[in-house]
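Here come two complexes built around chain A, the first alongside chain B, the second alongside chain C.
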Partner chain A sequence: MEPILCARNISKSFIGVRALNNIDITINAGEIHCLAGENGCGKSTLVKCISGVYTPDHGEVEISGEKYKNLTPIEAMNKGIQVIYQDLSLFQHMTVAENIAISKLKFEGNKTINWKKIKSIAKEQLNKIGVKMNLDETVGEISMANRQMVAICRALAQDAKILFMDEPTTALTKTEVDHLMKIMLELKKKGLAIVFISHKLDEVFTVADTITIFRNGDKIGDFNSKDLDEKSLSYHMTGREIEYPRYHRTCKDNSPILEIDHLTRKGQYEDISMTIRPGDIIGLTGLLGSGRTELAMSLFGLNPTQSGSIRINGKETSIASPMAAKKQGIALLPEDRFNQGLFIERKIKENISSALIDTICKKGLIRKAEEDTIAQKYVNELKVRTPSIETVVGTLSGGNQQKVVIGKWTATAPKVFIMDTPTVGIDIGSKSEIYEQIHKFADGGMAIIFISDEIQEIMANCNRVIVLANGKCIREFDENELGQDGADKIITDLIGSQSAEEVTP
Partner chain B sequence: MTKKIDQFQKMLLIIIVIYSVFVSVKNPQFLQVQTVFDIVKTSSTTMIVAIGLLVVMISGGIDVSFMAIALFGSYTSLLVMINTGINSLVFAFALSMLIGTCLGLVNALLINWLKLPPFIITLGTQNLFHGIMTTFISDKSFGSGVLPSCLHEFGQGTLFKVATENGSAGLTVSLIPVLLAGIATYFVLRKTMIGRGIVAIGNDEESARRAGFNPFKIRLFVYAYSGALAGMMGIIYAAQVNALYPNKMVGDELMVVAAVVIGGTKITGGQGKIFGAVLGVLIIYLLNSTLILIGLSSSWNNLFVGAILVIAVAVTSYQERVKNRSHLIFTE
Partner chain C sequence: MNKIKKMVGKDLDLSILVGLALLVLVTVAGAFGGSMYSGRNIQSMAFQIPEFGFLALAMMLSNMVGGIDLSIIANANTVAIFTAYVLNGTWAFGTEGIARVILALIVAAVTSLIFGAFNGLIIAKTSAPSLIATLGTMTLIQGIGMALTGGSSIGDIDPLFAEFGKSVVLGLPLIFWLFLLVSLILGLILSLTGFGRKLYLYGGNPVAARFSAVNNEKMSILVFMATGFLAGMAGLIILSRVNSAKVGYGDSYLLQTMIVCVIGGISPNGGKGKVQGVVIAIIMMQVMSSAFTIMSLSPYTKKLIWGIMLVLVLGLNHVIAAYSQKRTLKQSMKNLQSAQ
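After this line comes the complex of A and B, so read on.
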């Protein structure tokens, strides 16, 4: 395989902090290369150095034989380096076709627009990856998976030779991920180099040929993906052995906290029943669109139910709003922590106190000292790594942000804590800390509904599991069944059963 | 700009038709050619600035200084013409639009340099431009006698005349500049790279930058364009009224903003249609000139415009919410 990009001795510091330390990396044509490491290990900085967004302090980048000390983004793009950022950088109100073609036409220096050409470019690129889409729909109207495809097509339209993808799968369902992987392999066959960053280890092993591991700005090494397994990979990434301890319920209180009975909202979920006791961690699993998030929203008063009943501590009740849910002792950690979980531009202490602002207020004024005490307590308890409670939440890493969301809700002492994919986009180190906290909450008698489609996570944290597919509960596992060998395999197959139905409608 | 006519514009058209039918049943006078032509004439100037504002709003900005620009441009041009004796319509338009362009560029430069919200900047420049004009240039009023005669002729000019019972009614020539502005703007937005850049930065400025657009240059263009259209509107206004006072036009900005929003333009940018903005203006003027015909005092006007504005914004936001819900975003 021939190398198309070599970066040598790349170093980069920000205000005295070393982000990258003498990194060498070679990217070959027709290869899928994964950059692995915890958040803040330097992999994103490296991508930005290679694509010309940052100028490295030392070192050079060689692309197809030409050497650059100060690579600009335009030069990088002209050389075929394309980056698909996590936010995809698409234009919501513009059509699929235009999103695909506009960058190419702009870089070619066109002054006028030929709409026929835009369509033909879009069609050609979509054909390349074998995807059919309505070219006239706006990007705001299509699914996350299709948006990802549009972003890929846009990069291909610009003659990409190296495609960087930052966490391409976070918002995709299992079927969609599989489809994306297939496309990645297809593109690889055509000689494209793909460099991707992902926290989902199983995906890394499915497609990557080479894995480069980073830790704290240093490169640990290049590995052939066949020479690594999940355990050794996470060892290299964190520098320590990570073992997720299995949760066992120890709580003695068997009176149910939350019972739901035949809960239905047509088109989202149907006939869901469950009983939750203190100390239960119920895994609610299924694909995106299986009804799991919709159900969670309903239990938090955001998505009215149509029929069925909810009982809390044996008393029948209805949860009409998040305020009502909070009063009943229900907390929700939303899937989208950036928009729904946090006030991203506010301080940590303000975020933590936000859910119990009523209790720390006296005559309409916030008691600042109490706010500080509470914030400090939960920052310590949850091991949020931050210089102070005055720090703005948006500057923290994903894992630490999530700890702040958890802190905010535990401060309200909830009886039932619904966590919707609590570890999405979070590195392994923070993950295990979050699991540890969840176990501690459950030991203390909190009931937890844990929504996830990562099977290892479900197996490690839950003492009971409910599998949803197409809005229906298709199987329930109790403690004994989960303890048996092969339970994880059965659950994976059950989750997959929805995708089978999707293919043959 | 994808579909020729969308649901929202269809709704506006239906409102206009139903209301017109209602008014004509109440008062057949409305159906007279004269009334219709009058509405077209008075709304034509506003349509031009509405189109300019639409371009600004599509780029994600807002401009509330365009009326001050229109006054500044037309007033200064007419002053020059009166003092030098030039009597040329082309000169009037050219100078006024040039001044408008320059003032628009000032807006864009301030927005870029100070990195402040366009609303605050243009609110400031609105007063600034107006103040500079009345303090340093002149604050005399021009009555009908002093204005160059070409202006008056243009203001009274008609495309064709229709015989009516009270003599004849003519369709104003001011419709031509409106059509030109509309076609030029459609061409810019739809067929040029800079136009797509305007839409792109309105969608997401950072993404536009990544796609190779230069938001600074695009913003210069957008505000200059809006300024030029404002300069054009100022002259037409003076010609129609056949007089110009240094306190006219300024103060009507928000009515135009309302018209553009009623036309379905996204307040957050990235989406908007010329035809929608034109319909928005038409609705406001229709109410303006017909309430008296159905026996309501003109104070009802504000009430209706306000109600339509709120309903229009509510409908767009509701559609957005339905769309969000289908993507599982629960905002309410």
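After this line comes the complex of A and C, so read on.
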């Protein structure tokens, strides 16, 4: 096997992260190469550096013998590097044929559109991967799996030598994934190099020849996929055996804080009921689009409900705005830390006090000393690693940024804290520190709704779990059921089966 | 030296602006010497600054929440027309002398606040972009003035009020002192109060503000009310200086206020900037404008120079942004290291 791409000493930093640290990687023709690692470990950044989207701070890329320091996306494409991003970047309102042929025609410098040619290109490429599709349908109307095929064909039409695929299977069902894997193996036989990014371990082992593991921007190593098993792979990805301490409810108070009854918003979630006591950490899990985030938004006053009732401390209320939610003692750690959670250009202390401005004001004036005290208190309590509370929040690492958002809401002393995927893109160290804090909050009598799709973290942190699918609650687990062996397997299967059912016509 | 370095590092934009302003002042002094900084010329500049200054402060506030208020000039003129009607006796309701002036001030304050609140309500309730919303209200407010006056100027106002625009205290015009006072108060409000803090947060990231239980609608309405009020004050100053009010006075100020805000370090995307910056930019612009007059440049040349200035400032801002991005990156790497 001959190497067709070599990247040497690639480094890239962004504000708040050293995304890549002296990475070397070699990609061979006729090989399926998997980049593995947790969220935010640098896989996607590396792909962007190799394909010319980012210019690396240091290092060079060598493609079929030619060296580049400042590779542009166009040069990369001309050299046969094709990237299929997670969102596929297709033209929704154009037909399948147009989508497949457009880049090729563009690169050949055609000034006019030749419909016959478009169709013949599209047909040729679809035959190559053995898929039949209606060429005249618009891409917006076809299934996710078929869109993936269109994206692959578009890349092949431009004489791809290396095909990068960023998490190609997240939106696909089991059968569709199997089909995609088959196509990948087929393409490999034809001499194409495929680099794919995934954190689904079973897929990685089915197709990959070589696995390169990343952790926090460092390359841990290249492994032959035969030399690894799931356990050793996840050990290399996380840097340790993951054993988080399990949460057990100790709170004696059994009177419910928050009760929701038959809560419904059509098209998002239906007929959701739950009762939450102090010290409960309720895991809310399900696929993206299962209605979990929408439900959280409704409880925080950002998404009006249509029917059903909400009771807080036994009293029926409606939560019409975030202001009302705050007054009732409900806090939300939003899903999108960067846009919804933080004022990225502001100081740590201004972020921590942002939900408390009226409280720290006296006659309209901010009491700066009090603001500093509060900020310092939560920075210490949550172990935010920072030179000072005056530091601009955007310069911190992801984990420390998340701690600041948690601190901001903890400072309001909430009774119910809704956390929407609190550990996405966060390093292991911060992760376990955040878990520790959450347990401490719950021990102190706070009720927590913990939204996540990582089963491991749900098992470690929650004493009850609700599984959502298509907006409905499909199963509830209480403390005893969760305690039994194999509960995690049952939950994983529940979610998995649901995703397969969803798309079968 | 270290101290200066620290200060410059703390607020790069403002430091550069101060440097630039000093450069302009010194250059102009070198070129024109006595005629530029004669008592008379300084006084005449100080008379010209406030009407434009208040409009620029109004524009600044709307820029700071990531919006724009195109209706400020229309607002100022129509408020001036209302006030002029009170002051010339048409709408005086039998008041005389000082009572009439007080009534006029109340009318001015109320109308300007109503115009501002109207802008704020439209923007908060319909989530229309402020550019479109205020374009509409600009035409509407202008229309009100037009319907009342038919386009002619309303004069013959109470001499007591006209005196206000001409009186001099401690060598400088009363209205200039008023401008400085209002700027100071506005600066303090922005940096010390809860309202000011919410304004920066809301302006910087309205989504995160909403997720932090900041009442965005209320903020939008309050900010545009304040904008309207400042524009109304500009209207009063115009009225007292010109002794009459009419639709369309000072229309060319609109673009200049935006230039001043950009030079003064206000980010049109919101959440950034300080009153000091805008005040310095206003004074600098006036000094240059004065210098152009002494050089007897034609209005066309002046326009050309303003245009070049704006483009230069945009270029400079780009360079500064790239530089501070690099600095933040470095700082961030340092933070990461110290955290480990």
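Going forward, the second predicted complex is superposed on the first by the 261 of 505 C-alpha atoms of A that agree within 3 Å, B and C clash if a C-alpha of one lies under 4 Å from a C-alpha of the other, contacts with A are read in each partner's own complex, and residues count from 1 in each chain.
Criterion: a residue touches a chain if its C-beta (ideal position, glycine included) is under 8 Å from a C-beta of that chain, and two chains touch if they have at least 3 such contacts.
Everything quoted here is computed from the prediction, not taken from an experiment.
S.K.: Looking at the overlay, what does A:Arg18 touch: chain B (first), chain C (second), both, or neither?
M.R.: second
S.K.: For A:Lys111 in the superposed arrangement: first (chain B), second (chain C), both or neither?
M.R.: Touch partner of A:Lys111: chain B, not chain C.
S.K.: With both structures fitted on chain A, tell me whether chain B or chain C touches more of chain A's residues.
M.R.: It is C that touches the greater number of chain A residues.
S.K.: If you stack the two complexes on chain A, which partner ends up touching A:Asn400: first (chain B), second (chain C), both, or neither?
M.R.: Touch status of A:Asn400: second partner only.
S.K.: With both complexes overlaid on chain A, does A:Ile357 touch chain B (first), chain C (second), both or neither?
M.R.: In the superposition, A:Ile357 touches chain C alone.
S.K.: In the superposed arrangement, which partner chain does A:Asn127 touch: chain B (first), chain C (second), both, or neither?
M.R.: neither
S.K.: According to the stated criteria, A:Ser64 is in contact with first (chain B), second (chain C), both, or neither; which is it?
M.R.: Neither partner.
S.K.: Please work out whether A:Leu302 is in contact with chain B alone, chain C alone, both, or neither, and reply first, second, both or neither.
M.R.: both
S.K.: Does chain B (first) or chain C (second) touch A:Asp136, or do both, or does neither?
M.R.: So A:Asp136 only meets chain B here.
S.K.: Which residues of chain A are in contact with chain B in one complex and with chain C in the other?
M.R.: 302, 339
S.K.: Under the stated contact criterion, what part of chain B meets chain A in this complex?
M.R.: Within the complex, chain B contacts chain A at residues 2-3, 190-197, 199-200, 202-204, 206-208, 210-213, 266, 270-271, 323, 327-330.
S.K.: Which bits of chain A are touching chain B when the two form their complex?
M.R.: Residues 74, 77, 85, 87, 89-95, 98, 102-103, 105-107, 110-113, 136, 138, 140-141, 143-144, 293-294, 297, 302-303, 336, 339.
S.K.: For the complex, which residues does chain C have touching chain A?
M.R.: 192-195, 197-198, 200-201, 204-205, 207-215, 271-272, 325, 328-329, 331-336, 338-339
S.K.: Spell out the residues on chain A that touch chain C in their complex, using ranges where they run on.
M.R.: 13-18, 300, 302, 321-323, 325-326, 332, 334, 339-346, 350, 353-355, 357-358, 360-361, 364-366, 385-387, 391-392, 394-397, 400, 408
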